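First the structure, in the form of C-alpha cells, and then the observations on it.
Letters A, B and C mark the chains as written, and numbering starts fresh at 1 in each.
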Amino acid sequence: MFIADAWYMGAWADELADAPVSRRICNQPLVLYRSKEGEVATLYDSCCHRGAPLSVGSVIDQGLQCGYHGLVFGNDGVCVHIPGQAQIPRKARVRSYPTVEKDQMIWVWMGDPEKADPALILDYPFHNDTGNWPHSHGMYEIDTTYQMMMDNLMDLTHLGYVHAKNVGGKAATLVEAEMDVITTEKGVDVKRWMPDCEPPPTYLKCVDLPEKIERWQEMEFIAPSAVLQWTGAVGKGQGAREDFSKRVGGFSMRLYHFATPVTETSCYYFWSAAHNHLLGDPDATENLRKEVEIALEEDKWIVQAQQDRIRETGDDWLVDVRSDKARVAMRHALKKMEAESGPLAAGPVVTDS
Amino acid sequence: MFIADAWYMGAWADELADAPVSRRICNQPLVLYRSKEGEVATLYDSCCHRGAPLSVGSVIDQGLQCGYHGLVFGNDGVCVHIPGQAQIPRKARVRSYPTVEKDQMIWVWMGDPEKADPALILDYPFHNDTGNWPHSHGMYEIDTTYQMMMDNLMDLTHLGYVHAKNVGGKAATLVEAEMDVITTEKGVDVKRWMPDCEPPPTYLKCVDLPEKIERWQEMEFIAPSAVLQWTGAVGKGQGAREDFSKRVGGFSMRLYHFATPVTETSCYYFWSAAHNHLLGDPDATENLRKEVEIALEEDKWIVQAQQDRIRETGDDWLVDVRSDKARVAMRHALKKMEAESGPLAAGPVVTDS
Amino acid sequence: MFIADAWYMGAWADELADAPVSRRICNQPLVLYRSKEGEVATLYDSCCHRGAPLSVGSVIDQGLQCGYHGLVFGNDGVCVHIPGQAQIPRKARVRSYPTVEKDQMIWVWMGDPEKADPALILDYPFHNDTGNWPHSHGMYEIDTTYQMMMDNLMDLTHLGYVHAKNVGGKAATLVEAEMDVITTEKGVDVKRWMPDCEPPPTYLKCVDLPEKIERWQEMEFIAPSAVLQWTGAVGKGQGAREDFSKRVGGFSMRLYHFATPVTETSCYYFWSAAHNHLLGDPDATENLRKEVEIALEEDKWIVQAQQDRIRETGDDWLVDVRSDKARVAMRHALKKMEAESGPLAAGPVVTDS
C-alpha cells in the first residue's frame, strides 16, 4: 500500500531542461515537464486519444503535445487542441497532479489534490547555497521497496561491512558509536557520535586529518522517505559534538536521500552530496561525488539482494537487534502516516468529475 | 480472442529456402517449411515423441525430421518414420495447418481446415511484377496487438508527428487532407488527397519533384489485417486524383502491410515496399527500402509505447476524434469477422480424430 | 514436486575454495561454504536479521558472517555473534542442511535431517584416481526439469541427431545398437553395444582408431538424478564387451552426470569427463574437455527447446517409442522414490523447534 497523501520527489529540476521526463510514482505512469512559461507540471502519461505516452511528445507553446497524432494538453490535463477538428470533447483530458519546484527539486502530490499543501514539502536550502555547500546529485532506480532503502540509512552499522573501504571504515567503530534516537513530529532524528576513532578511507581521500578524530553522523528522517544527513569529522578533542562552529577544518558532508516508490517493490533513490570542506577547490566536489557513488552502488547491490530474499520469505521471521532502534522508530512513523492517508489519485482520468 | 477462420501470412516465400522456420501464430507454435518436392506445409512445432520443436529439425527426402531422435513427419503431420522400429503408432502425428504459397508469400489457415478456401487469400500481383514494381520486403516482430498496428495505418495524420522527417512531412498538410472512407465487403477503402502541398523529405530523397505537388494516399484494408497502400505525388495541377495515367513522372510507391497475431498482445508485421518511379535504376529500390525501414522503426517504437500504456489502463477511457473515421470503420469490420469465426485449431494434436 | 529425501550435488568441492557459493536446490536459496576448520556446511541463504543473502558475506574464524550488519552463524545455523550486543536471542538462527564432502563433490540433503545417511551417497572413486582417470569438470544451469535431463541420457539414439559431428557419429549405428536395460535397486542399468561400426568424430580427434571398431555405452542411472557412464571403443573383434581388460588401447571415457533441481523447471547439470586413454599426455584431458563441452552445449540447447514446448502443451499427448525403454524404466524409479519421500526442509527457519 502506498502513502498517497504525500509529496514525492519526482525529478531533479535540471532533468526537465530539454524534454518531458517519464516517471512511475506509486505505480502511476507520469510525465513531468516544464511548460514554455516555465511552470512545472505532472500529467498521467497517456494520451486520451490513443493512449500513447505523452512523455515521448514535446513541449510546444500551447502545452504538451502528444507525439502520435498531435493532441495538446494544458498543465491541468485538459486537451486544448485536436488537429483537424475545432471542437474539443469534454472528456478529452488526462489526470494532472499537483507539482511544485523547490530547492532544485520537483515534487509531486499523489493523493487528494485538495490536500496538496506546498508548505508540507521539506526544506533543503543547501541545494541553493552553492557557495557554502557545493554539491553533485543523481538518481538510481533500485529494485527494493522504498522502506528498505530507508532501513538501510537508519542502521549505519552497515557502513563497517558494506562500505568498509570508502565512507565506512572499521566496523567496530561504527558498532560502538553512541546513539541518540528521538521521535519527532516529522519523523525520527538520529545522532551518532564516535569521539575517538580513525578516519575512514573516503575522508582521507578528500581532506587531511589527524590519526585520531571526532566523528559525527546526524540523520533526520522525514516521513515518508527523506533522510537529511550531516556527517563528518575533525581532529579528536575539539568538542564538535554540541558546538557546530567547531565542525570546520576537517571533513564535512551533507547527504540528501529521498526514496520515491515506483512499484510496491522498487523505488527511485534521489541523492545529493554537498561539502563544506575545501570550499573553492574545484576538484573537491568531484572527488566526493566519486566516493559517494561507489558507496551508493554498494547500497544498491545489498538492498536488491535483500529484497530478492524478502520477496520469497516475507519478513515476519526476522529478528530485531539493538542497532535497529532508529529503524524501528522510522517504521512506526511510516505506519502512522499510512493509517492517516487517503486514497491514491490513480488511473488516467478523474472518474467522478 | 483470435479470429480463427482466416488466412494469416506466416512467412515470405524466400524465408523457406534453406531450413524450416519457427513462427507463433494465434499463440500456436508452428513450423513452416518447404518439402523436397517443393510443397509448403505448416505443422504444430512439437514432435509427438518427446516434444522437441520440429523447427530445429531438417527437411529430408521423406519429410520433416525431428532433430532430437529422428522421427520424420509428412506434410499432413502423420509420422512416417521412427528410427529403430517398423510399426508406427496411429497416435504418432501432430496437427497440420492448411498452407498456401501465393504472390511470394506463405499463408496459413488457423481455423476449421474444411473452411480453408485459397480463393479467400488476397491478391497482390505487384510482388510478381518486378519489372513495373521492383520491391524489397521484411518482417518485424512487434509488442503490440495486430489491431493497433492496423489502427496506426488507418489514421495517417500520425505521419506528420511520427514520420515528419521522412515519409510524412508537414503535420498540417496531412491533417487537412481530403478523405473518403468507404466500407467494402472485404474491409475499408480509404482515399486521402492533398492537392497543393510540399513534398515530404523521403520523396525528395528518392526523386526530383517541384516545390508544389499533388499527393495521394490510398489504403485498402482487408480484414483481418492487411493494408494495401498506394501512395505518391506528381507536380501540382496534373489531375492525378482520378486519372491514374497521370501518376507517373513523380514518386509512386506501393506499400504492403500485414499484421499476423503472435500472442494476444504481439504481432508479426510483414511489409513490402515497391516503386514505379525510376524503373531500371538499381539504387532506387535500395533508397526506398532505407527510408521505409526508418519509418517502420518509428512506427514500432510508438505502437509499442502505446501498447505499454493500454496494457495498464485498458482502452475504455479513450476518446475518438475526427481522424479516427477510417480506424473506427476498420474496427467494425474486425468485430464482424470475429463474430462469424469458428474456434481456433489449437494444440499439438487434433483431439477428436 | 521435489524428491526431498535425497542427497543432491550442490557444488564441486573446489568451488568452495575462496568464498561462499549461492545455490538454489529444490527451490530453496542456499549458501554452501567451507568453514575455517575445513568443514563444509549449507545454510538457508538469508540472514535472520534483515534477510540479506549470507552468500554475499564471508567466512571468518567464528563462522559465516553476513555482509550487511555483521551477524555471524555457525555451521548449524545458530547465530553466534551480533555486533553491538552481548545477548543473542534464541530465534536468531537459520535453517541448516546436512552436508557431506565426498569424491570431490559437495552433497546436500533436502529432506528430514534425521534421515540424512551419508552411506546413501553414490560412490565415484574415479574423481580421486587422477592417475588412471584424469578428469575435467564443470556445471551448467539449464532451463529444463532435471527429469528431462535424465531422459536425454537414457535415450542415446539422440547422439546420431544432436551430436552427429562429435561424440555421436552415424545415426543408424546408434539406433541399431544392441541394448540391455535392467532395473536395479538404485535405478536402472543400461548397456549398449555396437560391435561393428565406424568411430565417431570425437573419438578420432582424441586417439587413433582403426576404420572398424567395437563401441560400448554403459549407463548406470542412480535415482534421483545421477548417470555414471563408461563409454569407448577399441578395434573391431577384440571382445571388449564382457572382458573389460580388453577395453584398453582405444578410446575410453567415463562421464559423470548429475542434475540437481533448481526450480520445478530448471536444474544444475554437473558433469565430469575422465579418460583412461593416453595417460600421461597432458593434452588428452583438455582435448576431451573441449569435445565434451561442445556436446553438452548441444544437449542444453535441445532440452531447453523441448522444455519450452512441454511447458506449453504438457506431456500427456506424447508417444513412447522403442528407444524409450531405459527412459521409461528410469521414470518408474523416480515415481517410486517420489512416493516414498517425506516433505522438503523448506523455508528460512525450522518452524516447530
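Keep in mind that, in the parts below, contacts are C-beta pairs under 8 Å (C-beta built on N, C-alpha and C of every residue); 3 or more make two chains touch, one makes a residue touch a chain.
No experiment lies behind these values; they were computed from the predicted model shown.
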Copies subunit A and subunit B touch; is their interface built from the same residue numbers (over half shared) or different ones?
different
Superposing the C-alpha atoms of subunit B on subunit C takes a rotation of how many degrees, nearest 5?
120
Can you give the whole-Å distance between the Cα centres of subunit A and subunit B?
47
Send over the residues of subunit A in touch with two or more other chains.
none
Per the contact definition, I'd like the list of subunit C residues that touch subunit B in the complex.
151, 155, 157-158, 160-162, 171, 175-176, 302, 305-306, 308-310, 312-313, 315, 317-323
Interface with subunit C, subunit B side, in the complex: residues 29, 45-46, 48-53, 56, 66-71, 82-85, 89, 91-92, 347-349
